[in-house]
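Lettered A, B and C in written order, each chain numbered from 1.
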Amino acid sequence: MAAPDYEARNQFNKDVVLSLDGPVLTILLNRAEHRNTFSKGMVENLVEVLDLADRDDRVRAIIVTAEHTAPAYCSGADISGGWKVLWKEEAEKEGIHAHRDGGGQLTLAVLSCRKITIAAVNGHAAGVGMTAMQLPFDFRFVWEGAKLAFPFVRRGIVPEAVSTYLLPKLIGLSRANSLLLTGATVSPTSPYISALYHQILPNREDVYPAAKAFAQELANNTAQVSIAYAKGLLQHPGDSAEENHLLDSQAIKLLASSHDGADGAQAFLERRKPKFTDTLSKNSSPWYPWWRRIDVKHHRSKL
Amino acid sequence: MAAPDYEARNQFNKDVVLSLDGPVLTILLNRAEHRNTFSKGMVENLVEVLDLADRDDRVRAIIVTAEHTAPAYCSGADISGGWKVLWKEEAEKEGIHAHRDGGGQLTLAVLSCRKITIAAVNGHAAGVGMTAMQLPFDFRFVWEGAKLAFPFVRRGIVPEAVSTYLLPKLIGLSRANSLLLTGATVSPTSPYISALYHQILPNREDVYPAAKAFAQELANNTAQVSIAYAKGLLQHPGDSAEENHLLDSQAIKLLASSHDGADGAQAFLERRKPKFTDTLSKNSSPWYPWWRRIDVKHHRSKL
Amino acid sequence: MAAPDYEARNQFNKDVVLSLDGPVLTILLNRAEHRNTFSKGMVENLVEVLDLADRDDRVRAIIVTAEHTAPAYCSGADISGGWKVLWKEEAEKEGIHAHRDGGGQLTLAVLSCRKITIAAVNGHAAGVGMTAMQLPFDFRFVWEGAKLAFPFVRRGIVPEAVSTYLLPKLIGLSRANSLLLTGATVSPTSPYISALYHQILPNREDVYPAAKAFAQELANNTAQVSIAYAKGLLQHPGDSAEENHLLDSQAIKLLASSHDGADGAQAFLERRKPKFTDTLSKNSSPWYPWWRRIDVKHHRSKL
């Protein structure tokens, strides 16, 4: 694969601004004048970019953020035309089973990306700005002053973008109920939600720099294949302790036998920093992914 | 269905006192002289009431509470006659596989109720007073001075009423172990249990009023069908992120296309409060419930 | 089964020192000069000892600890010869699918032990010292000054010993990500990890005594069969609330009908301490274990 030119995409899709700085790809939400609401174009662009970055060995970490001067990190879906703007024609013709929620499409793309993913939430967030724009990421950094809400039940709809699956796993069902079934607005330091965040920062302008420094440190000191396999084990741990044991045994044998694994041990013994050079494109095993990838596309019933 | 007359039931079953106030049904445990211990009659009555309230469109929220002057919120099962008082004759005849734990029957009834459920724990709680009387509810309010215990392993039995399934989901297995395997008595502010509670109140007499105000606010500002579907998604999220995506896509398409969903969007754009009018009896889809309801009744092996 | 002589094993395997004091078996890691690193001999010995103690009715609780003057509780695997020292010949011949991670073998042995298990972490811990040596235990006690790390992704390998299955269950996926995907070193009071610990103690020398007093109290006041069944329900709760209801109904009927269950109720009514005498060797039901035990042994493909 030729190295993608992320910046070149910026002229065609203005909803986000992409920039690659060393191993860190930043995706800046660029709809400040619309409170960074989630648009159809945003989904398609982000899904494509995540897929490119997933396969681009240069990219070690991906940060989604907003301008810290924007009115919000992401205020939810753009429903200026009602919910209908979110439907695709196909779903309208085929029936409700044909609908695929845009937030959920983004969530699945973030989950299946094998790189480190970080949401740098430097402003208020609501709806899909809380779900797809935060929950599937490996880490969330947030501004202490952010107003956060999952207001779905107060809008006559339901929590979407795989949030009813992810939030209980992330912070437990008790806290997930308190957030998803009330639709209340909370602060990041609230006991309902604080466990969701890797770091809570007092100033808006410090959120992205903190996330970026964190991303760079991880990119410099962790192994690319290790991160991908560890993410795979966390997302697809197997149905029992025994199955997990078989999976992590296989994974550790593969990685310990790799260049990076060998240098990791050697560096430890020599008290030096390891030199990780393995990449996903060259050094992943055909065994990975060990789970069945589920096809969620709608297949037309009528020819 | 004719609107049920909850108060009329009070003359036949004195173990609880039912009262409907607008959209909020309160179930007051009425065995203060027995420390509100859990009785056989209580199970049957509560299961029936929860079923009625589930199907009664007027009821938006159900609160279980006790008199704040009672010696306890619920001190566990009434075992004044030993555990035997809890067995039904059938189970005795058919063998141990025929037994169905009364606490568990109540738990399943609370879980399958599509309305907002709240336990207002304004006194000490132990045993089934911690399990069926708290864990299956959407929200728990508690008095800071309450003594709380799951003493099962100190009584020669095991944690019941689906607690070994629910508690780890609610607050994580580490805290669940600390509670269920020690049988220790803890305070609501203990780090072992605090995540279980939506709100902890300093005074006993404030617990029920806080729960009621909370219930009324939710009843006034959330959509009935949204709550039911959100609860369904939280309890039956599917086995994978992909499956959850298919479920919440379908649910959001259904609800966004409903009156309440349309008005939720419209009200947001007009910066007014939405007017939700859809009801479960008229506006639920045949798609709901999307999960298989499991029959736990004992079917006699001998004719 | 003749009562095992744990102390007699000490002369053959010096890696750990076993001592039985009443109902509490202590396993002292005895490789202080090697920072208590995990050795091949340690795995085999610990798996055997856990199996013996599981079947020895005298043993009610098992504590793993280190000398509080040692440089660490357990600094991870002994990789002084690279990772290769961890492989067995068989796995090398048969291929990577034949490998069984030693940490995972210990984890499964701890999980399948029906007695109370406690890790008394009175020193620094890293790698397998965090995973197999802590996560499968029922309770973890820790020294507040301990440096704790899961550094796998910084060594070119992946988190092992069933940690990607256990840690999210114990403390939630959000905190598990923060620990396993960063490999950072944290203190026990860090919000990332504090929920993992039953007790955090200011002084190293107090960790083991606190764990031992806790073990003795539980041994004296809980029922042996209750603990085993409660652990079984927590580890194998069934796939749904309904299935859990059927399991705990059966378990509670069995135990309430036992001597210990009867005396537990009687003692409660008489306001005295119960006298539990039932043992796993004599009073467990053929129904237990109700789950299928999964065989993880490698079976040779070539005869």
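One rule holds for everything that comes next: contacts are C-beta pairs under 8 Å (C-beta built on N, C-alpha and C of every residue); 3 or more make two chains touch, one makes a residue touch a chain.
Every value quoted in this text rests on a predicted model; they were computed, and no experiment measured them.
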Interface residue overlap between copies chain A and chain B, same or different (over half shared): different
Degree value of the rotation bringing chain A onto chain C, based on Cα positions, nearest 5: 120
Chain A and chain B, separation of their C-alpha mean positions in angstrom: 34
Chain C residues counted as touching two or more neighbouring chains: 172
Chain C partner contacts - residues on chain B that touch it in the complex: 79-80, 82-83, 86-87, 91, 96-97, 99-101, 104-105, 107-108, 111, 136, 152-166, 168, 172-178, 180-183, 191, 235, 294, 296
Touching residues (chain side chain A, partner chain C) in the complex: 116, 138-140, 169-172, 194-198, 218, 221-223, 225-227, 229-231, 233-234, 237-238, 240-246, 248-269, 274, 276, 278, 287
